[in-house]
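Just below sit the structures, each encoded as structure tokens.
Note that subunit A is present in both complexes that follow, paired respectively with subunit B and with subunit C.
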Partner chain A sequence: MTSVLSSARIARFFQTYAVLIMIALLIVALSLMSDSFLTFRNLQNILNQNAPLAIMASAMTLVIIGGGFDLSVGSIFAVAGVSAAWIALNVDPFLGLAIAPFIGLALGTMNGIVITTLNIHSFLATIATSMVFKGVAILITDGRLIPVRIAEFTWLGRDKIGGIFIAVIVMIAFAVILTFALNRTSFGRKVYSVGGNEEAAILSGVRTDRIKIATFAIAGMAAGLAAAISVSRISMGQPGAGIGMELQAIAAVILGGTSIYGGAGAVWRSIAGVLLLALINNGFNILNADPFYRDLTTGLIILAAVGISASGQRR
Partner chain B sequence: MSADEVPDRGEPCIRLRGIGKSFGGVSVLADIDLDIGTGEIHGLVGENGAGKSTLGKIIGGYYSAGAGSIEVFGETVGSWTPPLALERGIAMMHQELQLVPALSVAQNVFLGIEEERYGILRQTENVRLADVMATSGFALDPAAITSDLSIADQQKIEIMRALAREARVIVMDEPTSSLTADEAERLHETMLRLKETGTTIIYVSHFLDDILRVCDRVTVLRDGSLVRTADAADETKGSLVSAMLGGSRSETPYPAKVRSEFAGEKPVLWVDGLSAPTGVSDVSLEVRPGEIVGLMGLVGSGRTEIVRAIFGADSASSGEVRLNGIPYANRTPASSAERGMVMVPEDRRKQGLVMTVPVRANMTLPHLKHFTMAGGVIRAALERGRVQALIDYFRVVPARIDGDVTHYSGGNQQKVLLGKWLMRDPGMVILDEPSRGVDVGARQRIHEAIADLAQKGAGVLLISSEIEEVLGLAHRAYLVHEGTLVGEVDPDNATTQDVLWTLFHQDDPNIDTSRGSAP
Partner chain C sequence: MISKFKMTVFAAGLAAAGLYAGASQAEDYNIAFFAASSQNGFNQAIYEGIEEKAKELGNVTTEIYDGQFNAAHQYSQIEDVLASGKFDGYVVMANDTVGIAGAVEQLVAAGKPVVSTLFPIGPDLTTLDPQVEGLTSTVASPPADGAKAQAQAVVDHCKDRDPCNVVIIIGQLIFPFDNLRYEAFREVLDAHDNIKVVATGEGSYSPDVSLTAMTDILQSNSDVHVVLSNADQHLVGAEIALEAAGYTVPDLYLSGGGAANIAITAIREGRWDATLAYFPKTMGSMALDIVVKKLKGEDVPSSVNMDEVGPMPFIITKKELDASPDFVGEWEQ
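What follows is the complex of A and B.
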């Protein structure tokens, strides 16, 4: 076989896999700089610590492919987290963990309904609902922390099965399910069409409102699931938890290469985006580097990755 | 100026040598040598994908040439961008106008070249605009908001914008593709007037009659190569078409109108007294199985609004629609598709295709429930087979199930769009401008498919701005004016001139236009 590797193809390859290339470069660099980086233990810890964010970013991918933004997932995380802690303390610890995703699902569905019935941009709608949800989280707890000192509450966040953290298993399972839904089901097709060309989707008989509501519902559920893992891990419900997670999730999605304009993208990209951010963080920790440079470095790496993938958009 | 006073072309204003261009490794233009004479109208023709637009855009600086040299007014140019082209006097008018809709005429004309002092705008625009209008012969209200104007008027703004920048060469890329016959005629008058003032025009179009009428010389491109440049007077439509297609094919007439064996049955679509807030008023029509029924009207006459109300894309305020004899109220696109009535919308980029997903996902989007098993999981093999069959039927190029529609030519995008809607053999098909902006080959294939559709027993409602196309394909045709039907014509016994005459005299109370023919 003759290899036809024109410069255009190489450029296209770099654009398509910018985030993976950055991750590979970071892994090589960190392995060379520290012996403690490339160990199963360290890598699994990175995944485990970032499982909640990765779950939220996976679901955010669907929202963004569908042409929306969800700025309320951080607040949903807070409401679901404190609810789980409260129920665990006052009713049953297992029920507390189990109910958190459903609380998230309900709040996410509300987001979707608000956006589609009032016909306002999701960016604005979720800024508003985010404040409402944050207020609810504070009302539930009276503004205090809810410590849950019950042994049966911590398995989800801390335990392992077969040497793998349950949180990591949940995260991978969630991402695989969403990937399957996006690529292999009619629902996924409709999500892409709504974000890619809403008018064409409507004229094709797609009930676009339902699809949008579903993406926000899934994002809410993911925030609830992430919150369950998180409160279980620290045995504490915090009304102020989750602040800024919505922006981290969006950053990871875009960093991964999913189109900010909707209609194109993939869940694995968002996971890769989370990993890239996590590796930078981890690098600072294991190298004992000056944390003052952390944000600066992170910002520059995000710019580099986004710049590479954007360079292909222009002729 | 009479026809035999051909202006002295003298030195060419643009001299192209060995121009080549490729996108993503695919060569779209190769080794083009071309001289554009000063003060001429020079036509560029070819099938879609032949490279005519690409060549126009290279001249205008929108694409950089991958190979070769460009000489403008005797000087070889180095790096070449739209602003640099403009500096040398070359302006480009795009198919999609590059105006800011919310700004006034004057603001658009002088956008980017406003006169200012210490960063504060000077109130000289109207004076300057008067100059430009005098040069161009246009008369527009300087304060009118651009989005309120017709496309023809907006094109005038674009031309004035070029003149305000002292452009001596204007490249027009398919400027008439969204114009009515009347508006196109006015643009041609404008072009001839500009020529008299010494402006050179490069006219990219696939309307060969227009090219032959307006141009001094014509260059034919085929598959990225230059076939020939000749005086327009020495060409005919036939000679151009055979040069474009490679001599093997000539322009074929429309497919034969066969009365389908299904004709004469009860109407598949029956509409009575339909009105809608979009300006549709009291429309009654019927389409029988196997029948192609045309809707002819000027752009803005409400043709599209009528079919949107029938299809359910817009809601109706009154009237009744029956599909196969069954009353059908509360119409939506989803339920129409379910009942076997589909609409191929006029704007394939905005309303038709989802550009971010491949051919396969576009074609099956309206039919997903027929391609899924439990849980909504798509049956990939079934889907691939069906999509491949349609790609073969329409001869889509490239014939790839997972092809990226963004990179397809207009004709092939249109074939994908038709495939999407004809996938499940609908009984009633609404086609809104099915061949707009597509090349000769694709157009022919689309016409065959439409005739085939009717022959198999589907009812077809056809809208086209090209009256010839309706007359060539339809069994019956209605005339549309101000959202309502104002007459019916027999396509076999009417001419384009008859229909145009009738449509343009709709507002004249002294003329009876109901019979659809000129006296």
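What follows is the complex of A and C.
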């Protein structure tokens, strides 16, 4: 009986922490294969490079826990990024960076209103709005890049405070705030209830439309914030930036262990999902490995992570 | 009186003939440009060249079609546009140089002039000779030739350094033209013992992706002397990574590709060293000119090597720019 209990506990442990186990295995393997991997500089670079995606994945966690999908965050990233670059170039660099999250917030709120007002699935609604937003980004730039070689514009993406990249600090602060909001506020409990059983949430008096709009607004704001960091780092607005980031963010959320059906999940899991994907990419670059094997390896590692999680569920 | 009448008839005849000839000269031509993507600076610059030439010729109208960087989409688009019967000739910038051949054959079969830009259409990217029977012309730069010249410039730069550590940032190795460029780089560089290609990264034609790749590469390579790339966009990201890693960028040799305005500025400022020149506006202008000449029944070349006819040498360095202070890139990147 004791051994059955302990094996069940082990299985549950593996299921719960599959993504962390895979990260630990990758860190050990990459440390053995390259002296350059396990250094403060490299680890900080990984966090810095992936801060925009981690911010977007953190906010996407709320959308998915609430039972939705947001396929427009990549396009919101593009609109906010080119707007930031344009404003920086023509008005003020600081204003450009500051306004990007608010542009994202506005577009995300628009998403939420479209979904709740028209009562259509977020998957379809955000496919449509993503096309609209992408078109807006192209119209703003006329399809061209907007280089912003202004020193006052690059601090967010490149500078450090106390030896830590500002982008990493912003990412950690954002994830902590969202974790607090999810776990310690009535808003967070309502997000879980809407995604877990919307009908029950309505019967319990939860204004589900407002909660949904809020989750999409936060996802939009996160995309805007991520765009500000990214555009500041490369000092250039690109209408094509952000393409595919929505799928990377969703993949990281699901890979981390948040339920695709809604009602369960955590922000830290999505950050872990981002890190797992980032480590594979970093490993290939550091080891100068043949890029033809990158997709194959990434797919196999994702399968392994999902497999560990699923094997726990079967037990 | 009779002679007056005859003169009047003769004059009227001449006037009519003149009007007819004028009408014949002013025959309107409608030309379609199948862009790999209309939302891309390089493609837009080609179309600007097409539009400028059309305006210069006066009797040509043009339209651009967006291939959305999608080979299947472009193939269907060509079939649909051909079915519309709206155009007299075509300029194509293929997303898939091999796969698009079937659609181009349909254009040719319809008896319309077709000119390929940037790349040849067909399986062999090393030749500009038409590989689709009936293709009017190819206005392009052979990818391997330019890459070899870039690599040779690296060899020249490295001649007094041993080892000379080179990082290559290439677009995507799954693209045949990028693979060809990469092989050309390696063929030249690997023939010299003092040159070590310490790392290869994929930049995906994105400054952001290149920044990540270069940052990672610099973790395990602390002494880089050269960054060689096929695209200026890659050097934008590589430069940021090098600066962050403490390098003084002007001390290194940086070579990109495209001759975009951002590269021209960087070379003039002494931050970068060379860019493999592409002249998309000139390319578009020449392509349209060939289509119209063919429609008029004039002789046209079966290929135009842009490396030989561009407004500047095909490897642009500070020396060339100092000699041509008014030169600006033909696209914005």
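The definition used in the following text is that the second predicted complex is superposed on the first by the 306 of 315 C-alpha atoms of A that agree within 3 Å, B and C clash if a C-alpha of one lies under 4 Å from a C-alpha of the other, contacts with A are read in each partner's own complex, and residues count from 1 in each chain.
The rule is short, and it goes like this: contacts are C-beta pairs under 8 Å (C-beta built on N, C-alpha and C of every residue); 3 or more make two chains touch, one makes a residue touch a chain.
Everything quoted here is computed from the prediction, not taken from an experiment.
Student: Here subunit A is shared; do subunit B and subunit C fit on it together or clash?
Tutor: Aligned through their shared chain, the two binders fit side by side on subunit A.
Student: Tell me which partner A:Phe187 touches in the superposition: subunit B (first), subunit C (second), both or neither.
Tutor: first
Student: Under the stated touch criterion, which partner chain does A:Asn197 make contact with: subunit B (first), subunit C (second), both, or neither?
Tutor: Only subunit B is touched by A:Asn197; subunit C is not.
Student: After lining up the shared chain so the two structures overlap, which partner does A:Val306 touch, if you call subunit B first and subunit C second: first, second, both or neither?
Tutor: Touch partners of A:Val306: none, neither subunit B nor subunit C.
Student: For the superposed three-chain arrangement, provide the angle subunit B-subunit A-subunit C between C-alpha centres, rounded in steps of 10 degrees.
Tutor: 130
Student: Is A:Ile260 touching the first partner subunit B, the second partner subunit C, both, or neither of them?
Tutor: Neither partner.
Student: When the two structures are overlaid on chain A, which partner does A:Gly205 contact: first (subunit B), second (subunit C), both, or neither?
Tutor: In the superposed model, A:Gly205 contacts subunit B only, not subunit C.
Student: Looking at A:Ala106 after the superposition, I want to know if it touches subunit B, subunit C, both of them or none. Which is it: first, second, both, neither?
Tutor: neither
Student: Give, as a whole number of angstrom, the minimum Cα separation of subunit B and subunit C in the superposed three-chain arrangement.
Tutor: Between subunit B and subunit C, the shortest C-alpha distance works out to 33 Å.
Student: Taking the two structures together, which residues of subunit A meet both subunit B and subunit C?
Tutor: Touching subunit B in the first complex and subunit C in the second, no residue of subunit A appears in both lists.
Student: Would you pull the subunit C residues touching subunit A in the complex into a rising list?
Tutor: 38-41, 44, 173-174, 198-202, 206-208, 211-213, 215-217, 219-220, 236-237, 240, 244, 262, 332-333
Student: Spell out the part of subunit A that touches subunit B in their complex, as residue ranges.
Tutor: Per the stated touch rule, the residues are 4, 6, 8-9, 12, 184-187, 189-190, 192-193, 195-197, 199-207, 259, 262-264, 315.
Student: Please give the residue numbers of subunit B that touch subunit A in the complex, ascending.
Tutor: 23-25, 63, 313, 332-338, 343, 345, 350-357, 361, 364-366, 368-369, 371-372, 375-378, 380, 420
Student: Over in the complex, which subunit A residues touch subunit C? Could you list them?
Tutor: Residue list for subunit A touching subunit C: 34-37, 39, 41-42, 45, 49, 138, 142-145, 147, 158, 230, 233-236, 238-241, 281-282, 285-288, 291-292.
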